[in-house]
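Alright, structures below, take your time with them.
In what follows, subunit A forms one complex with subunit B and a second complex with subunit C.
Right after this comes the complex of A and B.
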């Protein structure tokens, strides 16, 4: 079977306005003049394959282009150049709790988050109790979300996200919330999904996470893939990079 | 463009859940809850009735009661104007959905229009009660046109909402300009005055305004005696609205890739 994701020669740059117009007068005078822009190159000629059933890690310092790459793979950004072929439905989890509404209770928010992540209403009808149980929030099912602690809300979001996984899971910086017990269960769910044959793309700063959950990993630096190999070796190389000179451009993570 | 339009059908469940949660969240925490959807238009109608019967008695032939005449136009106008105001901001306020989830952005303006349509529907019982109370000449065949008018307005409003939401991402000034345009548009539509009151030249101008034909259609079907003579205009507007919707969707589709980076 072929790979589920094939990326070739992906390039992406963002234009950032280099001169800010502050006053009304500047706005009025400069209105018809083209605004000077600086191109910030975030990804250059990035190519990789995600094989079916594989868990592939991506490492890199802040601003190395990890998040941008994930967003391009997920179809949120269009690449400037290069080709991307995706042969299976993706479930990107780039941020938790996108689209939830603090004025509604957990049941309603499970429906909101779930449908936003691509679940059907029928799937959700049967999944809601499981999700509440996984998040250990059955007692608070009818409590409005704004009364939740941030940890409880994050647990709910994780529980929905893991339930919504279609085929390929794309994760940005996970396993970062909840107490040890909940973290343990998230990691367990991750392993279950992997064992069930799902393909995974996992971004993390944490060398141990990558080494534990991935066999193979990529190392991104300054928008290029500088290493593609066994995850333990990539994690070592990443730690070496950290002790070297700091990354030249940092703002890419903010875009 | 057309594959994307077809893809929208697969997102029915998402649209349904977003509209339902939007309506639910709006009245969450208020004591009377959904009752406000009834009460707001009712209050408006009572004020109009009071003003135009006691304060400023308007006696125009064929426009009795005047408050009811106005209400027939204001209810759909509220749906239209709030949809546009909210959708001009919807991609910016919903930026996280576009940036962080695989999510067809057009769902946001569509949900805005549909949620406001639900409010319009909730105002209809009030209208119905007053129509019956004032013994409005509701004819049987004409009332069948009502859903047609609503549908034409829906298509037209969706087109406006798509274009507005897409353009506001790039030109944020639109939000402020829009408020003024809507004020002007309201008075350029025969809602608080009858079409017949306009002089010949003004009437030609009014005919260029798409919402004129919606307002007049609502008035003829709900308020005036006699047949629904405006149906040709309504069907023409329906065809034009469909074309306009496709054009708006095309514009939205072309700008789609820029949203995630701009909002």
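Right after this comes the complex of A and C.
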């Protein structure tokens, strides 16, 4: 069987916020001035394949473009160039801690996030209790999200996403949140899903996580894939990268 | 020349009925705080407003009973327009937290944003029809059907506007303020408190371009006066509604792929 994700030549750049014009007023006032084209190149010519049933790690320094790459793979951002084919339904777990409707309770928020992730109302009727149980938040089912602690909100989001998984799962820094017990449960669920044949894409800064959960990994630097190989070797190279140029923070160059 | 091509398999196997229902239900619940009292008030508000306005206008315009109904219809229909376009414009930003969670047909968020205003409009319409029937001026079935068709046109117009405005609002962050000024000024462009007849004939065509104008005039005409506008007038309204919806959909399609980046 062919790969579930095929990405080739993916490029992505953003206009730098300081030169973005954000209001009608700014556009009107600057109408006759030439528009400076300052863009931040975040991904350049990124290509990889995720094979069926594989768990692939992605490492890289802050700002190297990992989250941007996952959002493109998930279809949340559009690439500027390149081809991307995702051959199976995909569930992203990205920055889930933030973003709930604060005026609704957990049950309604689960329904919102669940349906957005492609679950049907019938599925959710049976899943809601499981989700609350996984997050250990049954007691807070009818509490409005505004009163949740940030950790509780994050747990709820992961519980929904783990339950919504159809085939491919992509995770951004997920094992970094929650207390030790919850982390443990997430990792257990991750192992179960992997064993059940799901394909995974996992971003982490933690060399041990990548080495434990993935056989193969990619190393992103300045928006390019600089290494694609066994996860232990990639983790070592990542640590070297950190010591090599600790001061340099910039992602890809501005043009 | 760079090539871009992306293909995805939808996670929900293409069914988003559940998403549509959840968005409408939670919008309603958020607005009325999920309490029984809030829910009852939501249902009673159009009735209460109708009765209050009726009482006040009956007193103020005692000599012109026709005027008070025209005024009430104009006020309610304009309020729908104001409220629905405002929540449509804000919809993508307000629901931005969902856009970064997964890939899904985000236009659903925009299209459902008018649901609260539409519920109010529907309740008002029921109250209005009951009042007309009780006062012995029950409109004919075809008049009611025409009125319903006008409201569908109104919804199409509001949806078209919302599709375009919601994505443009991501780039122009003061668009909501501009639109607020426009709708406030537009209140006086639409013939709500004055009859269209007091303006010179040559201006009428232009006034009809402001969508609430034809909707308000036609609705009054069929329900209160019992007069059906000409076929040409109907055709122009349909052209206007379909045109606005089509332009909105095109603007949306061009802008939507980049919306998540600007959240």
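Some notes on this structure:
In this text, the second predicted complex is superposed on the first by the 228 of 255 C-alpha atoms of A that agree within 3 Å, B and C clash if a C-alpha of one lies under 4 Å from a C-alpha of the other, contacts with A are read in each partner's own complex, and residues count from 1 in each chain.
Throughout what follows, a residue touches a chain if its C-beta (ideal position, glycine included) is under 8 Å from a C-beta of that chain, and two chains touch if they have at least 3 such contacts.
Just so it is clear, the structure is predicted and the values come from calculations on it, not from any experiment.
Superposition note: with subunit A as the common reference, subunit B and subunit C are in steric clash.
By the document's definition of touching, both partners, subunit B and subunit C, reach A:92.
Of the two partner chains, both subunit B and subunit C are touched by A:76. In the superposed pair of complexes, A:103 makes contact with subunit B and with subunit C alike. Residue contacts after overlaying the shared chain place A:118 against subunit B and subunit C alike. Judged by the touch definition given at the top, the superposed model places A:166 against subunit C, while subunit B stays out of reach.
Taking subunit B and subunit C in turn and counting the residues of subunit A each one touches, the greater count comes from C. When the shared chain is aligned, no partner comes close enough to touch A:224: not subunit B, not subunit C. On subunit A, the surface touched by subunit B in one complex and the surface touched by subunit C in the other have residues 14, 71, 74-78, 90, 92, 94-95, 98-99, 101, 103-104, 108, 111-112, 115-118, 120-121 in common. Those residues of subunit A that touch subunit C in the shared complex are 11, 14, 22-25, 27, 71, 74-92, 94-96, 98-101, 103-105, 108, 111-113, 115-121, 124, 164, 166.
Subunit B contributes residues 13-14, 16-18, 21, 24-25, 28-29, 96-103, 257, 260-261 to its touches with subunit A in the complex. Those residues of subunit A that touch subunit B in the complex are listed here as 14, 71, 74-78, 90, 92, 94-95, 98-99, 101, 103-104, 108, 111-112, 115-118, 120-122, 144, 255. Subunit C makes touch with subunit A in their complex at residues 2-13, 15-19, 21-23, 25-26, 29-30, 33-34, 96-104, 171-175, 178, 257-258, 260-261.
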